[in-house]
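Have a look at the structure that comes next, please.
Note that the chains take the letters A, B, C, D, E and F in the order they are written out, and that residue 1 is the start of every chain.
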Amino acid sequence: MSKKVITFGEIMLRLAPEGYYRFVQAENYGATYGGGEANVAVSLANYGLDAAFVTKLPKHEIGQAGVNSLRRFGVDTSYITRGGDRVGIYFLEKGASQRPSKVIYDRAGSSIAAATTADFDWDQIFEGAEWFHFTGITPALGDNVTEICLEACKKAKEKGITVSCDLNYRNKLWSKEKAGQVMGELCKYVDVCIANEEDASDVFGIKAANTDVTSGKVNHEGYKDVAKQLSKRFGFSKVAITLRGSISANDNNWAAMLYDGTDFYFSKSYLMHIVDRVGGGDSFGGGLIYACLNDFAPQQTIEFAVAASCLKHSIEGDFNQVSVDEVMKLAGGDGSGRVQR
Amino acid sequence: MSKKVITFGEIMLRLAPEGYYRFVQAENYGATYGGGEANVAVSLANYGLDAAFVTKLPKHEIGQAGVNSLRRFGVDTSYITRGGDRVGIYFLEKGASQRPSKVIYDRAGSSIAAATTADFDWDQIFEGAEWFHFTGITPALGDNVTEICLEACKKAKEKGITVSCDLNYRNKLWSKEKAGQVMGELCKYVDVCIANEEDASDVFGIKAANTDVTSGKVNHEGYKDVAKQLSKRFGFSKVAITLRGSISANDNNWAAMLYDGTDFYFSKSYLMHIVDRVGGGDSFGGGLIYACLNDFAPQQTIEFAVAASCLKHSIEGDFNQVSVDEVMKLAGGDGSGRVQR
Amino acid sequence: MSKKVITFGEIMLRLAPEGYYRFVQAENYGATYGGGEANVAVSLANYGLDAAFVTKLPKHEIGQAGVNSLRRFGVDTSYITRGGDRVGIYFLEKGASQRPSKVIYDRAGSSIAAATTADFDWDQIFEGAEWFHFTGITPALGDNVTEICLEACKKAKEKGITVSCDLNYRNKLWSKEKAGQVMGELCKYVDVCIANEEDASDVFGIKAANTDVTSGKVNHEGYKDVAKQLSKRFGFSKVAITLRGSISANDNNWAAMLYDGTDFYFSKSYLMHIVDRVGGGDSFGGGLIYACLNDFAPQQTIEFAVAASCLKHSIEGDFNQVSVDEVMKLAGGDGSGRVQR
Amino acid sequence: MSKKVITFGEIMLRLAPEGYYRFVQAENYGATYGGGEANVAVSLANYGLDAAFVTKLPKHEIGQAGVNSLRRFGVDTSYITRGGDRVGIYFLEKGASQRPSKVIYDRAGSSIAAATTADFDWDQIFEGAEWFHFTGITPALGDNVTEICLEACKKAKEKGITVSCDLNYRNKLWSKEKAGQVMGELCKYVDVCIANEEDASDVFGIKAANTDVTSGKVNHEGYKDVAKQLSKRFGFSKVAITLRGSISANDNNWAAMLYDGTDFYFSKSYLMHIVDRVGGGDSFGGGLIYACLNDFAPQQTIEFAVAASCLKHSIEGDFNQVSVDEVMKLAGGDGSGRVQR
Amino acid sequence: MSKKVITFGEIMLRLAPEGYYRFVQAENYGATYGGGEANVAVSLANYGLDAAFVTKLPKHEIGQAGVNSLRRFGVDTSYITRGGDRVGIYFLEKGASQRPSKVIYDRAGSSIAAATTADFDWDQIFEGAEWFHFTGITPALGDNVTEICLEACKKAKEKGITVSCDLNYRNKLWSKEKAGQVMGELCKYVDVCIANEEDASDVFGIKAANTDVTSGKVNHEGYKDVAKQLSKRFGFSKVAITLRGSISANDNNWAAMLYDGTDFYFSKSYLMHIVDRVGGGDSFGGGLIYACLNDFAPQQTIEFAVAASCLKHSIEGDFNQVSVDEVMKLAGGDGSGRVQR
Amino acid sequence: MSKKVITFGEIMLRLAPEGYYRFVQAENYGATYGGGEANVAVSLANYGLDAAFVTKLPKHEIGQAGVNSLRRFGVDTSYITRGGDRVGIYFLEKGASQRPSKVIYDRAGSSIAAATTADFDWDQIFEGAEWFHFTGITPALGDNVTEICLEACKKAKEKGITVSCDLNYRNKLWSKEKAGQVMGELCKYVDVCIANEEDASDVFGIKAANTDVTSGKVNHEGYKDVAKQLSKRFGFSKVAITLRGSISANDNNWAAMLYDGTDFYFSKSYLMHIVDRVGGGDSFGGGLIYACLNDFAPQQTIEFAVAASCLKHSIEGDFNQVSVDEVMKLAGGDGSGRVQR
């Protein structure tokens, strides 16, 4: 029996012009679905875990298509509550070279943003689960959703379920002050914290001490300091920080660091030609959770998580469509891209 | 100098799977824009009139693409107020045979639905205009939008501008009671009233007297009676009623009647193979307004309006992309569809 | 808890040029999956039943995509054995007007065609199931597959599970003699038999007595006679016969008859504009099973099954993507195809 | 060794918006190639004859793609002269229902329109040939092209090659007077004449005597009279007249008549749902030539030609992609469009 | 009221296979419109100026679609004369890696190439305008068009309108001698001259003195010398020279230099991953005109123009779809391409 | 008269998701055809040679489309035997960045794999031919196909036709032992041997002596040694070895070496941005054969072959769609990718 993981959040309809067309040129939108925690659930289902995604979606066909997008890749959708008015939408324009990708959110009033604690029975949902994951986007949807998150976190703690959280600060959804206050409360229940270069600063005002940001190098000491501060303040058992270097919309460097409360583990760095950047962070989270649940050694853990998300950048859509074997092969050193016959 | 016509309402992003794919099968959505009054404006611009569409749209690119969709076909967009949060959306699944087309609205919270009277300067907008058109959908967006409509109607009346209204009852937006009350107030300012078979009944409770609905024939006397009652209650100078016979999602009969306060004029009836049904009624309104502004005789007026909308059913998207010549040719009797080289 | 239904057979990769392009013109193939019993499973999953499809598929991604195509629409794929060499393929060219649709099969050597009884544990599969369905295509794949079918049928009988079979004769797969012999053995375990106009004759040599085939009318008495003979020879509790009238590749008449051992029930007949003809018979089977499992009255049963398959003809792909509500609405008489807003 | 047929004329790049999109909506054009005599050559190559198409095309890739489009379907392109400036283009908008299809020609200055007699060595081209075909479009391209046609006709006559001509009057290319004069000269060399309902009148002023055009029926006597007059004036051994009844852009009736100098043979009439109307007449010519070269009886000849062109109307593009077997099957009476597995 | 700019030239239908398909593989062409001066007009309209494009286009729908393509993006098309026979066409095959992009022109006989001075009323067109722009392509279309250019230049001078010209030498259209003679005459009226690395040499035989072209470095002194010579010979107030370094069809370096008669200003250089190369120079012209009209300082001017055209290389189609804000952001130094949420 | 070349092998239907979509995401497959020797034939036909491809393909339309794909580009298909059951298929997923391309073969039971010596009349096929080419893939299809190859080789030798062979080891088709044994026999008849870095080792166990593979540099001495050993063992007149350096799925270095029994000639090395990697080696073979048949000097020969295959990597599909001029231009040093107008 495979291990059961619960993720909770919003899944949105993603509407993206094909190729590099700009919004004002688009006559068609590719229609897929995605969202932080849903993306993690798909990663985990692809790795063979029993991953369930919890949210609320309208009863109509646009909501049903969201459910189907998850079922297709093996995610358990049986805990999704059906109801409410609309599916959140985000419009995505893919950038190229010096022109950045652009996201326009149209998510206000979505079913999950209007959900209440009565919509979810966490006792039933957590039955047999080993891990619970959410991101900072979800409580940002509103006080009602924060309340659901809090209830879930408490219930998870009660049941001895490991809780992970990707801070994922979104300034369109809430202020830094509000984020700090809410996330500070929720993080009390979190075991594994994931953040990118700026989240710790935006959400908690935690900045690296004594670092020279003008040096132009990846600041290893700074990242260590941030991870230590985070760990100390909230008692996280693990802190993982992703390190993105954006050369252009097409080319990024990508690496990460893991802190297990004792030591710091830096992954290899990958120079990536980007196919689709969105969901990159979520695929890191998915890899990290898989590695933790399978008791990988810390260095192996961070290498798996980074290789997984490196591959995600070569895949269209929010979802990371890779197998454990593919991640292992890259983490093991083969990034030559030679044809596999 | 061509005649200036003002139309006011909402333009939505229309997302439709290609061909006959159902929502749950869609991997792409064709993205066009449309809405009752916007569709009328495009019809009129195609006929060479100086047609302006008035609405409110967000400043972002999804809003801009809506503006562009109108400019492309020659509509004056200079009175569109930019601001607010979102573009209303409707999802359209094209039906076939016994399977009906399906529309899912996602329009709550759109910029126009949240607009106020301060957003529009009708004195400036109506400068030099000869006609003002709106539909029953627009006041249904909320009391604030009703107020804008009322202000526009009053101002139009003041300036001697002809006002037309397509009753267009939408039960997802408001109740019959509310519609009756609001439309009753607005119709005091209306000169030309357009309705389909059910609007008069839904909105005003006006039904044909002494008609035998079981006869299986188009009930000419009933339509006459309804038109007379409408005219009498609100003092409309003209009432036009469209008569749709739905054989299947692919095949419809289409005709209309015009009442000028004195006589009744029935158009030819067309058996149509449908390419795109949406905007059919609006294209009728566009044809009617063009004919009235050009002082067509009543029979010629109703034939032009019906031929225009007959052609619309053969065209993809909400907008009726036909010229006066094309409408004239069909109204004049050539519906053989022979290749034009 | 919804009722559990098991279907068993082959699911193939379907490769079809878009629109009406011929094979020799195709530069692209739409890639979906389908097959008699898989199609039935999707129908039932769409109706809310707990439908599982049993087959064998290769471990590679083309096999996985087949699994995903079923999961997407809610079919339980947990009993699918993974292994073997290839996914069966069929190429489909859509006909139009006087030009017939064309199917080229490339299914030899597929995983299921090479499967053995050791691949399936029917005790586990039938755990809690109420219905088992297969078609005459499956045993035609080879003696090994016949053996699997036989084992499944016997086990189903043992467990008191209702067994249905669609005779579905395919002359590319076996001779009439072989078919008659094998199906004769299997039909001993069948409760509900489904056939089209020619299957009974092709497989069992059962023809209508005393009927005048030159009359040009649907021969009600002939169908009754065939159903009676089938029922008598194999002891079927129900026999359903579909009646297709092919006017052209675009237009078909469609109806069916149900015989419950006592009375004959003829459905309404539908004149259909065809979007996709393939899977039409399977959607009938799906409707019939749903109606039986829900104890519909006989007339209601046959009306539901025919309305379901009528709607299928308006849907792209093998799978019938309709809900119980939609079928009920059509069976209840509304085939006007009017837009649903 | 299969029989060798030569056709001579222009092949154009055909640019058509997909589906039913109008020119002003098009963001993409499907790019195929076609033209009266090229279409006939493809028909004949599909029937297994050794069909060569003679023309002049530029050396660049747009010209090469034209050559390739013919080679792909087995046409011998070795007599095509390469040179000149441009490929003629025609834009095609597909009509629907009451909206007619529309063709915009952009063919002035094409390589073939600027060709001279020095570009073609008819002695070499006609080596071993049994049939030569051209249409009235080709001499209409200019006096230089008329001269080439005349040279070809004379050479064909000299060598005992059968000559066929489809009158195909195009009013955009020349006046009726000019057409009458030029075609009158060329027809002296023609054995088999093909015309539609209006060509004889437009080109030669030949009209049916004593016919009641108001009768609303296909006027058999009138067609006979026209054929007789044509035959008498030019000494044609065979005259074939196609009879198109245009119900709408989607639905046409289609039939034809053959006159062999003695008797009149009317084909069956087909009610066609049209996929692509262009090339319909050319596919008739192709069928007729095939039947003549294979010494079909007169009734069989006209049935083959009409069935061939009936099938063409179900096929995208100018070219008729059907086999002799498919035509035979339809001519033999099976127009039911039932799936062929 | 925004500033009015007039551009004059040809707009062509651009037909390009999608992605990296070669002409001989193309089954579809993306259909957009573009041309030197039209591209500049769209740039300026996107920046909020009142940009009008002047040309002649046929009355048919292919001409209308050209008008629409400009209106869609806010260009004033009211001065476009309708008439003539055809829209000029260019076929574009996108290169990749070592394979160059390829353009095949099919523009002879276009409406604008056949236009006369009677087609344009420059007094009316220049009413209220501040800037007039054309390129060396336009007079190359023929002596008649040269005459129109000359008339426009003279009228612009008369009215105190600033005139800019992009030399843009096209060897398919005219010889260097003819170009030198005609452009020499026109340049007398030009204030701002734009050229790429080779134009000054091709058109005027102006080459850099004493430069070592074998050095492998961008030859700053050489460019300065050329600008000085150009300025001296024609009295240009500003000379702008673009500097393209072609590494491969996918990767280019891009920079420019501005000479204001006193000093030389070199922009940053960008390494670009190319999405669409065509219109790159025109987008530079658009940026330059905008900066000049808004009195940017010289260094700011050249940075704006280069950043604008750098962004263009990331955009499909001829038209530069970017806002002032986006250009400013890149000119200000942010070329990291990070996602904008 | 152009030189006649015969190639013999399998042509498969290639099914590839568009762009960078993974198999499990694909809803459409681009359908082209390709295979080692077919690809060489297309290269040679594009260079103007009389190239014939010999294989066996089913009579149905999927087989016909394979024939058409070759005819379209000028390959002589008259020696293709029609019959057998199926067309071999390969599924291709295009890799990106660190994610490799993936090929899934589904070729068992194809017509050519089941062919016998009776299917081919080599006396007729080789009539007038100067060159015969095959690859190591073809004999790997089975002992029957090996026998056909052997017969062809012997007959070619008999007739003094030059024989080339690309070793092309495929481990999915046979073991190294079997390959070594069969290829050892066939290579007795081969004049020109082509291999990549690993083939000589995989097939014949020939490895470079005394080379330090850990040096990270291209090992020139090693390649020389391998070529010498190959030449010595089989008496090849020429040995060509391709040198691929895979940086990522998007970026490869590409070069080759030619050994003419006396000297070694290394080509330039190209850094390529890959559009489509498949057929890269075959396009090298095509270039090599062309150069040999045209008596290019050895250095010119290897430069032509490498430039040809460098260009192939920029082209979609298996076939190398380039002209002699284009290859010459690149071989001559212009790899800047500047637009050609």
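In the analysis below, a contact is a pair of C-beta atoms (placed from the backbone, for glycine too) under 8 Å apart; a residue touches a chain by one contact, two chains touch by 3 or more.
Treat the numbers as computed from the prediction; the structure is a model and nothing was measured.
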Least hop count linking chain A to chain D through chains in contact:
2
Count the residue numbers both chain B and chain C use at their shared interface, divide by all numbers used there, and answer same if that is over half, different if under half.
different
Whole-Å distance, chain A centre to chain E centre, using C-alpha means?
44
Shared-contact residues (touching 2 or more other chains) in chain E
19, 22, 24, 27, 68, 73, 102
What chain-chain pairs meet the touch criterion?
A-B, A-C, A-E, A-F, B-C, B-D, B-E, C-D, C-F, D-E, D-F, E-F
Can you name the residues of chain D that touch chain C in the complex?
19, 73, 270, 272-275, 310-311, 313-317, 321-322, 326, 330, 335-341
Per the contact definition, I'd like the list of chain E residues that touch chain F in the complex.
19-22, 24-25, 95-103, 105, 170, 172, 246-251, 277-278
Counting only contacts in the complex, chain B reaches chain E at residues 68-69, 71-74
What part of chain A is in contact with chain B in the complex they form?
15, 22-24, 26-32, 60-62, 64-65, 68, 85-87, 89, 91, 93, 102, 104, 106, 108-109
